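First, the structure itself, so that you have it in front of you.
Chain nomenclature is as follows: A, B, C, D, E and F, assigned in order of appearance, with residue numbering initiated at 1 for each chain independently.
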């Protein structure tokens, strides 16, 4: 038997004694491919899938190779989270659902294809989806799929948004569907609740402040990266979480929130960002939120010469799943 | 005076004594920016412009950064061609016309924008255009612009096509305007004369032979890369040139015709290709053709770690202009 | 339906309209994973598997990541061979059998583990094995497995060996099982017939000529790389093939037979090697041999900065399968 | 119209709707080339020029390619500074003045050439100069030019010096004009006032402490990098600024003050340096100083594999101009 | 005379006026090769030697090239430590003792070879050894050699262990001698005193907590990386040092304790690590300990594209020697 | 005993059983450092030394790191030449003489320093010198040293010059001592005999043909690269060698004679060059010449991402020494 699953494990991981981390066809975090999850591990709690699309970028393309690179570097991920003291494979049934079918030449058409694929994954009432980009249009697609799976809640999902940019511009280069407009569209379409949106990490030179003003006026809570790097942010996050209570939350993580020193492989790198330690510590503050979907986007392998961007993205996936596992450990998933 | 132009030079090049090749804002081959060409050097004979677009690719994107990389590496180019014994700057007034305005999210829309820009360059009845990609959709745009500038000749232009692929597929991933369909479209639109089309360099695994059959049935002359690397090809080229006579010719050069060892920076690299010496020797066989337009495409800098792809692309531009200069030397350009 | 298999196809390949080459969990040449080959495509004709082991190297390690890199770059491979005019997917049922379980700390122990795994693949009387290294000890393991599957023929298999080195040293750094001794061991163990062994590609500085003398005295046919790059080699190959007749042949291809310009990602690169065009042309001379097993080894991704080594290795796999397909087309596989 | 300049803008920037950041011949921060600044935007407030010289280095050369790389990566820079809440293009007329003519074989001769070129830029009584290196000898040249343009003030300019090294050695390898001696020379020549010199960032192993002692004895205020990374430095900076008052200040920024993780592309990288966030925060403390000239030096592209060093250098240029803009906003430039 | 040794220097360093840092055959930190240390500089106080072995790794190999890369990058190291205000070359006679003879195919056999070589270096009663890996099995070998040279003290040496992993697993992939088991073996063999072991830097996903529990139960003091990045760790270190008193201490530094942004070139990179500034500050807290041996391990040059990992490793060597020099300055070495 | 020298060996090489190629402080081709050559191996026949200088370059600097990189990659070199069937270590006493002291800021001053150093190596009447650059000014220095050691022959040495450029320009950027003028200076100073100069490899765009005309008029035999790649060159070389007879010859090899695909790491790469196989075959035609000195120059490691340039340079050193060994084998060296 290649895999190993002690009676108390919900996920079968390859036996590291036989299949070392450099061996085997790589799946996200070494989770099983979805078609080989045995019945006793059904229904799947979290499924990860890839969205190899970068037709929505305004600067450097190549994030279409992100899922593949993250699968490779995530071989290093193991199931136990030291700080949260939780074993993902005990708490969750986890799977890699493969990549969505891509329409490479049109963002909107591609989003529709991704949503359709996402709806077919696992048990739509139970299985939660973590999408791995691809560019940030991935988030719109996975938010739409998640929102539908959660019963299309009026008012939309709450949103944790970690990113160097607001991505809330109306139109860029004639398009309403580039990676810079995803949260404008999600808000317009009622998928997210902007008054329950916390955006962390904004920094760098701007073309205009219109979008920032737009967000602030509608009630988005904004913590700039400079603010996030001081102690003061912690209280604002606590307040936001209090306000949030047990509401269903979607988390979107743009890898460019992390500094280019730690994550050079991304399309619009911006200096002065988070260290990976700061990013992990930030995420750990969200332990206990009612997470119903997530994404990690904008990893661009061609600029990731030593693989450290895909590696930190793998850690972010692990941190996100651990946030959810902490909650599930004490109560059954909704 | 920074520039230098002896009385007998048609192009002002920067004085290499003051502006060494690592200095200055780089233009193609150190040619002047078009707005600074003095009246006595008008009209411009050949203008080079960039098409930083890669929205038509089916595999690896990034060729949008091709023009910038080629401008940088082409600083090494100098005006005299040793084998043809011709000085480009004596024969031609040459200029860098900048980059076309790009519509990044739609190939067809982008082609229209490029054509419109191309039509505005220099003297449309005199100035010939060499477009630097970007992906191979660049060729369609520059062929259309050239065809219009040459009076929209019925039957279309003759075509020299050097490439590892035929790029003559009807539809790819739902699109008629990807980089794999450009010559199908150009033929349909009457811009090129497929019976005066010579395609050199085809190689590598194929999905189907339909496209190859399509081309052969319509009279395209095909010399595979394996054939081109033997002596036998030389006779077939001579025959084609005889058949061609003085007809107006467009030359399109896909950098992937050259082997990945020499040109790793491209989106669909295919092994077993031409060496750069073979590519130069091949081009030199076309000395004397009536060249009215050209392009060099598919340079992808993110995979061009040491810059040698952009460098060889610069040499190819130089070889193409030299082909034309050899002809012009003995007779005035039409 | 994601996959596509016309009635006349023996292998189901992903539909390139839905799953572009940058999408999906990569398998060798996009072949199906062995567990998902449907009954009507059984038995499998050729199975490819990985051997992510490099504990036998004497210089630069890292080839353990070879199978993973080749899976990724081989996404570019398509089923039709232009020069042989054969469609692999029509002729063969093909599959990716995953990676062998590795014993990373001991070459001999690892070989035993690989052989045991190899024996379990497909139908042992029918399915032929192409192993992808990993270091050259992979060859010993796959030769042993192949020899056993072919009924342990007395006298051993004939061997086509393409390599910059003889790999026939008795002991290196105290070990009889490093990558430099594999053919010495295979000969001693009766797995190969040294009088039916053709070794092509030897070049570069040597420590001693003992091994060369050993090989020559026992009847190995040696064509050095310098010889192979002249026309004279062709006749010697023809003579060898005549002598070989229909005997069962194993082909081992060390990527370092190709020049470091074309294949920088290998552990003992040696200058003055074959171009990839020369390597393909060389292999094509073997069309028609009775190939019963093969390997492609010594790809070291950490030195393969632009991926061209893994890419050319993918082409070599394709060329090897095509050699076999040419034969099968006219007669059923034995 | 390609450019866009609303009535209240002093600088015409390319329209990002037509010229995306990957298009066009790159100038520093997309500022116009100086010859194309229209009369109504004259006189230019700040001009940036390149000094592609590295003949003064004592370790790793290649900074001659710094200006070119920074022009490329600075395409990402936009005009609005979030933390200072200021729009550079509203406050200033900005231009790229090209590169100085270089004397590649002699530091002193080159400095003279650079100074002569610098004096010719814009309106010498109004236009301030930001020089982009090249090695740190760039600073001497630009300080001399600035000092002359400010009326050759007796006592010299005040100096903000951010660097991992003091660059105040008398003679290195027989030369008084290497990049390690620039501030010694500037002090001797009366261009800077060492009692109004603040040097921040010193760190790493030393050959001798003579230079440090020399600086301290003459009144240079030194904050080591280790000190700068604690809160204590803030008070010392405040005291220095109080002492400085409204005196004219020159700012020199050696990219090696930033840690090699953030800025690997430099000639004498030293570990334990500033993060880019720390560097930005440090610079922001100088808002309001009377800045009359500046430089950013020692970017070495060949070691800047992912471009992050040139990117952070672009951000530093942006931060420096913003410092000046904050002051100008409330009062007219002197 | 190429070297320079003022009367008060114990180590002859190359004259930087004649032999610039880019010249000469590189030794560790430019220290003399051991065979050329003159009698008046005998006995040597600290000798550095390389262990180019990586046969003990469980993930990415290549650390066998670590000593060579560190020799190259350490050319930048100079003798004076700014913060400790100590000149290594005044306090110590220092030498590069070359590389140990390697047994590449067996960890245990290699350890024996390294120990035998280490015992032959300098004056065993006086000369202390700093080993440069190679993988972490280097530590076991150098601890054993040091322990023997210190008289095989019952109870073993105290241990400062800085690392992202505990390396205290019993058996991995069937081996007791991989890099993940070195401190388990050292404890079993009585070479180290686990109750005097301080382990700093643990982080990242885990396979199991057994090893952590094992260590804690036996009295190992563990400060996780997250803890080390807060102020609280300082007090725990002070307490440990108080408990330690003047006991003989061995320090082992795994470069992966530093974050991949700062040290990408390592075999099992883990995100969220120390910055190099944090690592230096951490080490400086140990000034005054009675250091009798040390190692710096796991530098993997093939993943260290810009050389910053080998550079920071050089700084770590410098910091370690400086720790010892601070103590020696005030009292003679034991 | 680490080294091994059978009674019939003139050079002691490290025992590859104990010191594998990845171990030890690297010297050129693993030859002993000159100070450790035992008396019975004196006098040394050929000494290799490094010239880490690049102050003479007109384009991309960095060749100062060439000697270090070549030492590292040349660890792969072994003593026996397969095609010439000669063992260098049997025929010659060989040594690495270290690097010359460098004057980094002035070409002429540096040349004088190198010549002085070269004169001190080995036995000036016997030991021949192979200099490893550094830039091509290295050749002038080593030619001068060789010419003096050979008794300052009137008329100068014959010269075999393999290079993509003539390097015979009078003045560049105001300097008579850049790398582009070395053979002009050597001819003027009577060190070489231009009528006994064969220059092979010229190619690429030119600024002027004056230098070419200058050379031709004075009797230099020029074989362009395009000519060298056809069979016709062989006869011209034979004729030159006949004309040369037994005259003393110096060989200078600029790595840029080889194509950038094979040698990307150089300062003025030019496309269309020799393959490494062609370069070796070319050199082998010179077997038997009376070689009295040589150099290999212009290796620039920062552009040599995978090390293949330094590797091919190592092979070139090996080929040059083998040329000389072939002659020495049959007669004693003069």
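Just so we're on the same page, a contact is a pair of C-beta atoms (placed from the backbone, for glycine too) under 8 Å apart; a residue touches a chain by one contact, two chains touch by 3 or more.
Here the structure is a predicted model, which means the values were calculated and not measured.
Chemist: Could you tell me which chains are in contact with chain C and with chain D alike?
Modeler: A, B, E, F
Chemist: Compared with chain A, which chain's mean CA position is the farthest off?
Modeler: F
Chemist: Give the label of the chain whose average Cα location is farthest from that of chain D.
Modeler: Computed centres place C farthest from chain D.
Chemist: Report, in whole Å, the distance between the mean C-alpha point of chain D and the mean C-alpha point of chain F.
Modeler: Whole-Å distance between the two chain centres: 42.
Chemist: Could you grab the centroid distance between chain A and chain E? Build each centroid from C-alpha atoms only and quote it in angstrom.
Modeler: Taking the mean C-alpha position of each chain, the two centres sit 39 Å apart.
Chemist: Please report how many Å separate the Cα centroid of chain A from that of chain F, as a whole number.
Modeler: Taking the average C-alpha coordinate of chain A and of chain F, the gap between them is 56 Å.
Chemist: Mind pulling the residue numbers of chain F that touch at least two other chains?
Modeler: 20, 22, 58, 60, 64-65, 104, 173-174, 259, 261-262, 275, 303, 305
Chemist: Work through the pairs of chains, note which ones touch, and then classify the graph as line, ring, star, complete or other.
Modeler: other
Chemist: Which two-chain combinations qualify as touching?
Modeler: A-B, A-C, A-D, A-E, B-C, B-D, B-F, C-E, C-F, D-E, D-F, E-F
Chemist: Of all residues in chain A, which touch chain D in the complex?
Modeler: The touching residues are 58-60, 172-174, 202-209, 224-226, 229, 259-262, 264-265, 268-273, 275, 303-305.
Chemist: Using the touch definition from the top, list the residues of chain B that touch chain D in their complex.
Modeler: Interface residues on chain B, with respect to chain D: 2, 18-20, 22-27, 33, 35-36, 50, 52, 64-65, 67-68, 71-72, 96, 98-102, 104.
Chemist: Would you pull the chain D residues touching chain A in the complex into a rising list?
Modeler: Against chain A, chain D makes touches at 16-17, 20-22, 76-83, 259, 261-262, 275-277, 280-281, 305-308, 311-312, 315, 318.
Chemist: Would you pull the chain C residues touching chain E in the complex into a rising list?
Modeler: 54-56, 58, 60-62, 64-65, 103-107, 173-175, 177-178, 302-303
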